[in-house]
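Naming follows writing order (A, B, C and D), and every chain is counted from residue 1.
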Amino acid sequence: MGMIGGGTGSFIGDVHRKAASIDGMIQLVCGAFSSTPEKSIASGRDLGISESRCYANYQEMIVKEKKLPEEERMDFVAIVTPNHMHIPPAKLALENGFHVVCDKPVSLTLDEALELEKVIDKSGKLFALTHNYTGHPMVKQAKALVANGDLGNIRKIQAQYLQGWLSTSIEKEGQKQAAWRTDPTKSGIGGALGDIGTHAENLIEYITGLKIEEIAADLGVFGEGRTLDDDGNMLIRMNNGAKGTLSISQIALGEENNLAIKVYGDKGSLEWHQENPNELLTRWLKEPQKTYTPNGNGLYPEALEVSRIPAGHPEGYLEAFATIYKNFATHLNAIKNGNTVEKIDYPTVKDGIRGMKFIYAAVESDKNNASWVKI
Amino acid sequence: MGMIGGGTGSFIGDVHRKAASIDGMIQLVCGAFSSTPEKSIASGRDLGISESRCYANYQEMIVKEKKLPEEERMDFVAIVTPNHMHIPPAKLALENGFHVVCDKPVSLTLDEALELEKVIDKSGKLFALTHNYTGHPMVKQAKALVANGDLGNIRKIQAQYLQGWLSTSIEKEGQKQAAWRTDPTKSGIGGALGDIGTHAENLIEYITGLKIEEIAADLGVFGEGRTLDDDGNMLIRMNNGAKGTLSISQIALGEENNLAIKVYGDKGSLEWHQENPNELLTRWLKEPQKTYTPNGNGLYPEALEVSRIPAGHPEGYLEAFATIYKNFATHLNAIKNGNTVEKIDYPTVKDGIRGMKFIYAAVESDKNNASWVKI
Amino acid sequence: MGMIGGGTGSFIGDVHRKAASIDGMIQLVCGAFSSTPEKSIASGRDLGISESRCYANYQEMIVKEKKLPEEERMDFVAIVTPNHMHIPPAKLALENGFHVVCDKPVSLTLDEALELEKVIDKSGKLFALTHNYTGHPMVKQAKALVANGDLGNIRKIQAQYLQGWLSTSIEKEGQKQAAWRTDPTKSGIGGALGDIGTHAENLIEYITGLKIEEIAADLGVFGEGRTLDDDGNMLIRMNNGAKGTLSISQIALGEENNLAIKVYGDKGSLEWHQENPNELLTRWLKEPQKTYTPNGNGLYPEALEVSRIPAGHPEGYLEAFATIYKNFATHLNAIKNGNTVEKIDYPTVKDGIRGMKFIYAAVESDKNNASWVKI
Amino acid sequence: MGMIGGGTGSFIGDVHRKAASIDGMIQLVCGAFSSTPEKSIASGRDLGISESRCYANYQEMIVKEKKLPEEERMDFVAIVTPNHMHIPPAKLALENGFHVVCDKPVSLTLDEALELEKVIDKSGKLFALTHNYTGHPMVKQAKALVANGDLGNIRKIQAQYLQGWLSTSIEKEGQKQAAWRTDPTKSGIGGALGDIGTHAENLIEYITGLKIEEIAADLGVFGEGRTLDDDGNMLIRMNNGAKGTLSISQIALGEENNLAIKVYGDKGSLEWHQENPNELLTRWLKEPQKTYTPNGNGLYPEALEVSRIPAGHPEGYLEAFATIYKNFATHLNAIKNGNTVEKIDYPTVKDGIRGMKFIYAAVESDKNNASWVKI
């Protein structure tokens, strides 16, 4: 794989590299890590990449790698830049025959995302969007419980993604991560909506197999000097009649990365918390509460097959992220070997488009005093 | 005390009796426990009440007790009937010189509640509404943390009150508790809204010291054959600009009595769960998470003074309920002794009126597709 | 009931009174609350006891109450004095025809306990020892799970009772609770052993239905100036071949009242924590972990019948304590009415004797460098 | 790195590979993965190792790799075979100039471990023993809290390592992991003692900075047909006078990998659970309980520097394991570059020798009816 962005000091670039390496299926061979050739080379050196394959920019990387013999050149690019820099390299890579793994949200605007979908279709290449939280074994188990009808008809959903790290306006103090996330030219029309809201939206739809049909959003801008939302309180209605709430925040002081979901059906219900990802709580009409664990008792195959180590040995954020890469790499290897893949279990551009529609709907709703907007 | 309602088999009557007895300040001396004299006497016998003071109905009780010598007769009535039977006995008791403790919500309609307020004011008697959850030591600590500015300006609130016992339409199978709660002639215009929503609304305002200014409510009616809400998803806006969500349900399958609240300020935040009421989680800008416990380290006097037993000896639902009675009895004793009471810490008719306004606003909002309605 | 000890400011006296009152079956009618007549009257006044029945000492109380008409006089005495003052009033009460409820441990010495057993047998009166933790619904469920063979053969036990309130030598600063507990003339040969160790020992034998056969104890005396144990680490062997550990402490700094037990069988296992008493965790060979709650799904009748309020409404320390009183009062009422009682479920002098044997064995083992001693 | 053992299907081999890869500092270049050349090549192929460097056995690997140019050949070997096969390859590797990473326990016998120490000293090469649990950020924080005196003098320790996977004798059904662990010719004189007990022992000494001075062990052999311990209950005495319990088991039915430790000092105390490794609970004399999290507030540098990702993004078993590899690789790189390393923070042969002494002492104590044995 070749990486675009993710130079020394980058949070998400490092995460992608670690995640990609865990299962031993993917090797980082080149990169356009930074905005200048010097920085890119310096970053690459830290990563053990030969200088000749540390490129000055993504254009150069794509052009030069394409010229390498097939067995040498990168198979796919991993795009880990801020939101506004996802689409240009993604398109160029696809158009030049490279598969793409891209961080979320997929784009700055909905139009870009829809345009990208066409490029992907035309290219025939793979495109994975790293909605990493869907890689957890207990999320797979949750999805399987719903899909197998164990919970019955879904009636109610509570989802939240709460962080507190933007409680104060640290973007004014030069905090780089905060700076681009609060800048509409780099993040798009959604702040917390795009950065974390799309994860929650994706998780809801992934687990329930339902679609959010409409949304009423009351966004908040609490940090001094900000223009983008750093908080949001939303009502949701699902396409099967279920209702729920979705609360997101980056000013929920003290919260670290509190993504959580509860799903209530008419036969059973479930609860999952990202900060303690190795437990899935379930509740039942007649039976006591049951707690599932990775590689523990009573799991569906979908959960078992993504658990790497024995029960009680906690897997975390990186491992779930790695599962996205692993499933992508498995698909890619199958294609290389001329095989077809029956079940593709990683997020694609379709998830990206849903995410963009979610952001757009929430922003529009908020502008209209939290009136309902269809997604 | 004399009890109105609460005959053998009643849930809430038994709770009131136990709660009133814990601190040894209150004695049950008479009652109109049931709808027939025979049943009332039978219930009274089980409770060790002399037959002569088991009355056929509340009118008889009030009239006859009034004729007893002052030192013998009941001081106050405890009203534990279904919602529609709160106001008539409350008014009659007040008009005849008895203080009143009343279960919530205070009335069937908002007008009744406002009318009751006038009767109370005219009577000069005490009136307590049993929003029992505010009696917990950790709720007192939470309120004190906000009041003392430890959390800074409140920005975000998440509250929920989730039960699952009405997941199926058990009211059709003769479950008495379910029957009146799903019957608008006995419960009023709110189902879950009145039964549990008002508790959550009261808790939000009690802890934060703020008022819910407006609400957007998307109610659900999931149980077959029901007309009243058994689920609700709400956005709230507070009078200081804070925003939040409030989710209530009696069809959240498997949930037992999951009342919980999170309050986020710009200096700190807190989290409390009724099902584990002896912990108060707090989070801070620079310090690690701190957990307070009753009679544990670092408490404000307000929390210490309502903790009955040493740290680590859990108090529960009944003890918190008992604190409402204790504070009421303390006030009553002070009056008897000709003393004034500086701080009154139990819910009153004003909380009842807020509750009714909350129900009305939520129902109106829901009728208008969850548009904002002022409380 | 008449109380011996428990004057104003007493912790355990207040607990007994509250616990006895919760279920409305017992009324406090007299007491010898303190060491002087004045203090006793003052305490009685606070409790609403008529002055004529506030006695100068327990001897006077027993003599004078005996002379009252049967329907007026107390039925039983509750003894809530320090350990060294349990036996004399207990014997006098029994010999004069009163039933007895007594705080634990039953006596200062094992001989006293054995002697008491004879007095009880001769008197034909009831004797309850308040090992209160066995009153919890989830402890009843735990016992039922073992008794019904759900866990299979018990192989391993882990028990602990950890407190930290004696981490510093507060007995030197006049802390009354600490003073008598660290004084061998008032506590006997065991410090933490008697005060909390017997609770853990009792809980182990109650839940498992097994007996601790032998013990190897390494006691600690950490508080400056102390002579009695304030810490203990023990190995235990049960009469069925199961093995385990028992750790107790009153210098486990920061621990509040951390009594907990884990029991492992060859079919299932369980885990219970007193500080969160409304959950019982169970684990199984093939099924996921299940969590039971009071009045929740899947309970045995033994657990259901001691749950007072609906699931999710936490009961705590006082309610479990109250269950001991309730079961005792139920037995007493049956006797009064000439009925027999099939199942007696409250601790008796036999539990007291086991407790004394446990203390003696542990102390002897410790003196012999933690060698094994039979109980 | 070159791997010895760890062929396809191996649990611990896969763990070592994943752990070694996470931080991008180590590359697997060769291996003697299995007992036959064919299997070794097959395993290597799955791992992307060129056939020429998949060796038939460790002897061949060491000899042939040594002949490769320095920049090509492996730097160190990772030994992931059953216990009885640790020492021979370790010695051969060291004697041929290769550094070694070895799984625990270090050897079959104490003599072997002591002999190995001499070989290491003579070779001047690095030797790391993978006591992986010491790699957790919260374990580093725990150690730092003790080292900085925050807890004061340590008085009491409770440690446990509980698993349930050997509750039934699955070694009879051909479960490979169970087979060698219950076989004294492959495991040595300790069963659970060696497999998990040494982890607990190592964790106690790592966090407290103290030494276990003597031990009284009551081991259990519950699984039908076994000769080695599958359960153990132990008393421990530390070299500073602290006392404690250590409970281990592989027949604690339902437990997954419940390694936990509590340490009580005279100023503060701490509690850590491996199954929820991203929380460190601490308790204090005057302050409320504080909970530390990786990259959260209030951490010592030692904890911060091993946290890879932001607070709230859980790291797990593999990441802690990876920290051992990372610290080893950092040391190795420093040596390569001619630098010295100030602080070495990974377990070495000295930890291995402590572990063997612990096993020997526990077995001897058990043979003498749990009498005290010095370590």
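One rule holds in what follows: contacts are C-beta pairs under 8 Å (C-beta built on N, C-alpha and C of every residue); 3 or more make two chains touch, one makes a residue touch a chain.
These figures come from a predicted structure and were not determined experimentally.
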Remotest chain, chain A as reference, centres from CA atoms: C
Comparison of A-C and A-D by number of C-beta pairs in contact, larger one: A-D
Distance from chain D to chain C - Cα centre to Cα centre, in angstrom: 43
Centre distance in Å when chain A and chain C are each reduced to the mean of their C-alpha atoms: 55
Centre-to-centre distance between chain D and chain A (centres being mean Cα positions), rounded to whole Å: 34
Per-residue multi-chain contacts in chain C, two or more chains: 255, 284-285, 289, 293, 296
Complex contacts: residues of chain B adjacent to chain A: 155-156, 158, 160, 164, 167-168, 216, 218, 220, 222, 231, 233-237, 243-245, 247, 249, 251-255, 262, 264-269, 282-285, 289, 369-372
Chain B partner contacts - residues on chain D that touch it in the complex: 284-293, 296-298
Interface residues, chain C side, partner chain B - complex: 11, 14-15, 17-18, 21-24, 28, 47-48, 163, 165, 255-258, 274-278, 293, 296, 308-319
